[in-house]
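These notes open a run of structures that come right after.
Next, two complexes with chain A in common: one pairs it with chain B, the other with chain C.
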Partner chain A sequence: MSQATSTEAASRWSARSWVPILATSAVLVAAMVTALSIGRYSVPFSSVVQTLGSHILPIKAPASETQQNVVWLVRFPRVLLAVLVGGGLGVAGAALQAIFRNPLVSPDIIGVSSGASFGGALALLLGLGSWYLVGGAFVFGLTALVILLLVTLGPEGAPMLMVVLGGVVTGSFFSALVALTTYVADPYTTLPAIVFWLLGSLATATFAQVAVAVAPIGVGTVALLLVRWRINVLSLGDEDASALGVRPGRIRWLVLVSAALIVAGAVAVSGVIGWVGLVIPHLARMWVGPDHRVMLPVSFLLGAAYLVAVDTLARTLTAGEIPLGVLTALIGAPVFFLLLRRNRDRVWDSA
Partner chain B sequence: MLELSGAGFHYRGRDWVFRDVSFLVPAGSVTAVLGPNGRGKTTLIRCAAGLATPQEGSVTRVSQVGFVPQAHGVGFAYTALDMVVMGRARHVRLLGTPSRADRRAALEAMERVGVAHLGARTFPTLSGGEQQLVLIARAIASGCPTLTLDEPTAGLDLHNQAQVLSLLRSLAAGGITVLLTTHHPDHAMFLADHVVLMMGVADVRAGRAADLLTDSSLSELYGVEVRTVSYPAMGGEQRAIITRYDEAGRAIRCVKPQP
Partner chain C sequence: MAGRFQKEEGGGVSEGAGLRTRSEPAALPCNGLASRRTLLKASAVAAGAALLTACGGDGSSPATTRPRGITVTDQRGKTIVFDKPVTRAVTIPIPAASMLIAIDGSADRLVGMQDASWTAIRDGIMGTMFPVALKVTHDVANEEFAPNVESILALSPDVVVQWGDHGSEIITPLENAGLTVLGLSYGTQADLTAWIRLFAAITGKPDRGRAMLTQINAQLRNVRSVGSAERGTPPKILYFLRYADGLEVAGTDTYNDYYIALVGATNPATGTKAVQGFAAVDVEQVLAWDPDIILLGNFDSALPDDVYRDDVWRAVSAVRARRVYKVPFGGYRWDPPGQESPLMWRWLSDIAFPMQSGTASDLRARIVSSYQFLYRYTPTTSQIDDILWTDVNSGSVHYRELFAG
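== the complex of A and B ==
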């Protein structure tokens, strides 16, 4: 092959990687507009777009005031929160799977969510503010992650069985601590707050909550996206990474802390919403391959679109509201079973 | 150039793997490390590459040293091209992604090794020989002037062995310094200017291949009778191996051209 053909092949290769990112962005925008439009009080698409436009651009929206309030004050914070939580969990799950070199890893399976929920429950028990909720969730989420890493990670990566077993143990340890927290909580004031928060929901979304979530999830996601190519190198294993001149320690810590930040932010505003961090990276990898330069942004966008869609179902399927965490588990578990069965002989190769 | 002097290594809480190892790999030459299973060839070469640090003695690396591990077909299904581009990690900033120049270097390395046509295939779907060649391409793409290879011909069929051997020879001819481990004395005869024989923990001999690859030292090294015989039918410059196994445990006959 000549020099010219090499260059051509190289640029063709980079252009192709933008297609799935743009496609998923379009899906996300469509899901957001749909979610803003439908519900018990239906708002036409045109009014949704006008309302959003009127808050960004200095124009007057012709939509009625009720429509504007429903779209901007009620639904928009909730949709934004779903984007942050779903996208964050998707990208955190994808990065953790690379670090553990194990496609069965996700924040909830390896006990990080349990750790974070204990930290959050503790903050609620002590009657502390929302920043302490994030802080507690972060500290104990990271603690759970570090415990698992110390127990399971060997030179050949973390064996699948060890990670799943270690995660079950870590998870049940922190679940016991959560149970202890609820046991000692005041049954009239703090106990209901803890229980409803743990169920996992975006029903109480406000712009204030969006502000709480955007910092940890945003910082964690940006950090992961910045090292997206280094994550590729790290996913080859420590030995290979060292042989290629990359010291694995620093990047791994960066990824772990970022993932714990994201999960802490997500758990703090919405409780434990399971399965997103497991199923979404799988789907993304099946679609675009394992290259984290493409796969991480696609996991974020896909996770965001998925949670926006599921949250819309949660509030429109029945007259009441189904807790979001319940619905994602009801959808996620069977989907993951199908994925496992499809790939049971080649979990590594295709996943 | 690469030099070990008085190097000794042991894993934590274990006995020494080797001690007092001294040898020099001159720039642009090929050195082969030979020894029985479990004698510490891989550990020695990892120390040379900087992936392990000897507890005593020193390793001097004048330039950056690339390492080619044994082909290991598991992991995420990156394409062969993506794998080779990762060889450029030394040249990519911490928060950066590979540039067009990095991709071009990777493609050129693949062309040099003859695996450019495999670029779009995923690594786990390649055969063992193809994987090995892709890993070598990855090390070449890194631009390291010294390459260390852990048993580059292990598990390969005769054709692929020949391909890897001729590739390593042309790399050395192109000025790249090569240090490899091997289980094949005939590969060492074909390739190496210098050899390192791991006789025992404190008995690691290094020297010119022509001096050290003798019947007696190879027999001692492997504990089986090894005889080097000339085989005129192969012609003066031909080299080959004939292996005969018998019940008495005699195993190897290396065939070497007459000087």
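== the complex of A and C ==
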């Protein structure tokens, strides 16, 4: 992309740019309403509406207590968590792909997922409560980022190749620590709990977990959205960005820290859910183009809608629950394959 | 990526947890028996009786006092000859250590075991009854049951008890090193019978094995008669393998389902919306099943109060009636099949059909007599309280009246 097209893109920001954002918002709302209305325990749609209404307006819902509990305490936190995790992973993936200028980058690449996995696995190994699980994932996710900083940061800033290699090294190190955790875990008690959590699931969603996830994911997402114009400039390359008066080093680290916050928050509450951060930005880019002012919000909304839909499938298709991470990979990989086949020539530059 | 890698490892281990029924044919310690699938279809009494008759009738008992030694066929179908009863045994399947101790009535023959077997012995009453077991080497295999051949060789065992149905990678290295391997499978009443017969045979105590099986069969008939005498709708009992970090229930082809049916109750997870094996489920599915009784297993730390306190569960029949119980933990967990399974059946039968007008159960007396037979040990009142989780279950209906000390 040249500077000329970027200026052109900037000038194209207009009322029309809101169309994809509004359209995806509508899709997300539709997905959420659908998710709230279906489940293994049957609740009539009118009761769903009444229950939601009674928690917003001071009216008493005529729905039975069980129906209200199912909608408000079981489905609603789960849907909110899917929105946060899916949206967060989508926007983090989009921002990372832009600053690495590499369409195959996903949040896993900077090692934060592995770090967070280790923190959570450690908490499960030691038999600590769910707050420690969340805290452990968070602390070690950020630890992975600090190690990455120490590995890559020199007097001249961090070269892109070093960041990728540093991420691979950090990720491998924490993967080994996760393997060590499972090695010493009791195969009858703690190991299955660790494996279940690592597999990725929203099954244990509560409002407490939503409260925990909303801070890191919210802060990270807002930060990314605030610098979305600068991300556009950064995606031109460091020299062009410097020439345009943007300091590439600072913005890049701001994006990395934001993405790390988002991923740590997501892994803490839901384990490792793969593919969302890779597939969703691609879908968004093919639809709205590489202008990050539009593409970042669309990635968030699309990721949120996608995870809400997939999680609804995971909990309703069979009596047993299908692991979410498995389902996102099963759906994500073939979709990604088709996208790549169809758009071989314009995956990155001219989508 | 860590998650994916771990998932595969976990798959292997949940197999290792080994509570599922496996349907492939397996050779039992006597010849002339049909596959285990057939055995499963028959009632467990019939299965137990068939084993006894089949083995006793033609005189080809796996345990003999013939001078030629002891010939057994393990659950892989491999025939093994021992010159004399084994005196040095290494066990790798987790429940095998406490089972061997129970069948032998002592821990003297055990020279090595899996680390998880050892922690189960340390944390339960087994360590109190057999303090010598806590000194036994327990670094003979990793958590995937892969043996450490050199540590095992250093113990110079007569036999290594190993999973027979977890692939050859965990058996071949042992056999290549010249060790004698007894391959086992696990999860059904027929497997339990087979383990008792095999362990009794190799320790040279076939009569004790027969006595245990006779008692087990008597208990089977007894418990079944209680259930069939009940009129009215049988209670729906749902067993939770895991509650704390994601729900997992026992569906079809689990031993838990076997004993729920045995006592005359029904398992909603095997009804019209059945799940296979141990399955992760959504809480909405549990609400839809609406169990009358909830059993919390010993594979995580969930307690009845955790269920009672959760608003989502308030509408479940078991919570409204306060019928949520933690499964007891004696010489080994009572959830999977084991030497104390007849006590589990009795406990579950009492929970399912609590006798009217506060009549106490005779479970405590049965525990005492079983322990005297199995472990030559008389548990104290407070030890029985620990086994029955009397403190954490006391908030549930009938528990104190039923099992008062």
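Here is the rule we go by: the second predicted complex is superposed on the first by the 273 of 351 C-alpha atoms of A that agree within 3 Å, B and C clash if a C-alpha of one lies under 4 Å from a C-alpha of the other, contacts with A are read in each partner's own complex, and residues count from 1 in each chain.
In this section, a residue touches a chain if its C-beta (ideal position, glycine included) is under 8 Å from a C-beta of that chain, and two chains touch if they have at least 3 such contacts.
Since we're looking at a predicted model, the values are computed, not measured.
Trainee: Which one hits more chain A residues, chain B or chain C?
Mentor: C
Trainee: Examine A:A98 and indicate which partner it touches, taking first as chain B and second as chain C; both and neither are also allowed.
Mentor: Only chain B; A:A98 stays clear of chain C.
Trainee: Is A:D108 contacted by the first partner chain B, the second partner chain C, both or neither?
Mentor: So A:D108 only meets chain C here.
Trainee: Mind working out whether A:S54 is in touch with chain B, chain C, both or neither, as first, second, both or neither?
Mentor: It touches nothing on chain B or chain C.
Trainee: Mind working out whether A:S242 is in touch with chain B, chain C, both or neither, as first, second, both or neither?
Mentor: First partner only.
Trainee: Could you look at A:P192 and tell me whether it touches chain B, chain C, both or neither (first, second, both, neither)?
Mentor: second
Trainee: Regarding the shared-chain residue A:R293, is it in contact with chain B (first), chain C (second), both, or neither?
Mentor: First partner only, chain B.
Trainee: Touch test for A:R228: chain B only (first), chain C only (second), both, or neither?
Mentor: A:R228 sits against chain B, while chain C stays out of touch.
Trainee: For A:S25, is the partner it touches chain B (first), chain C (second), both, or none of the two (neither)?
Mentor: So A:S25 meets neither chain B nor chain C here.
Trainee: Which parts of chain A are in contact with chain B and also with chain C?
Mentor: Residues common to the chain A contacts of chain C and of chain B do not exist here, since the sets are disjoint.
Trainee: Enumerate the contact residues on chain A facing chain B in the complex.
Mentor: For this pair, the touching residues of chain A are 1, 3, 6-7, 9-11, 13-14, 98, 101, 226-230, 232-233, 235-237, 239-246, 285, 289-291, 293, 348-351.
Trainee: In the complex, go through chain C and note every residue touching chain A.
Mentor: 1-7, 9-10, 13-14, 16-17, 94, 116, 119-120, 142-144, 242, 244-248, 251, 269, 273-276, 279-285, 287-288, 299-301, 311-312, 314-315
Trainee: Which residues of chain A touch chain C in the complex?
Mentor: Residues of chain A touching chain C: 39-42, 64-66, 69-70, 73-75, 108, 113-114, 117-118, 124, 127, 130, 171, 174-175, 178-179, 182-189, 191-201, 203-204, 271-272, 274, 315, 318-321, 323, 325-326.
Trainee: For chain B, which residues count as touching chain A in their complex?
Mentor: So the residues of chain B in touch with chain A come to 49-51, 64, 66-69, 74-79, 81-82, 86-87, 89-90, 92, 94-98, 100, 103-104, 107-108, 111, 116, 119, 122, 124-125, 138-139, 142.
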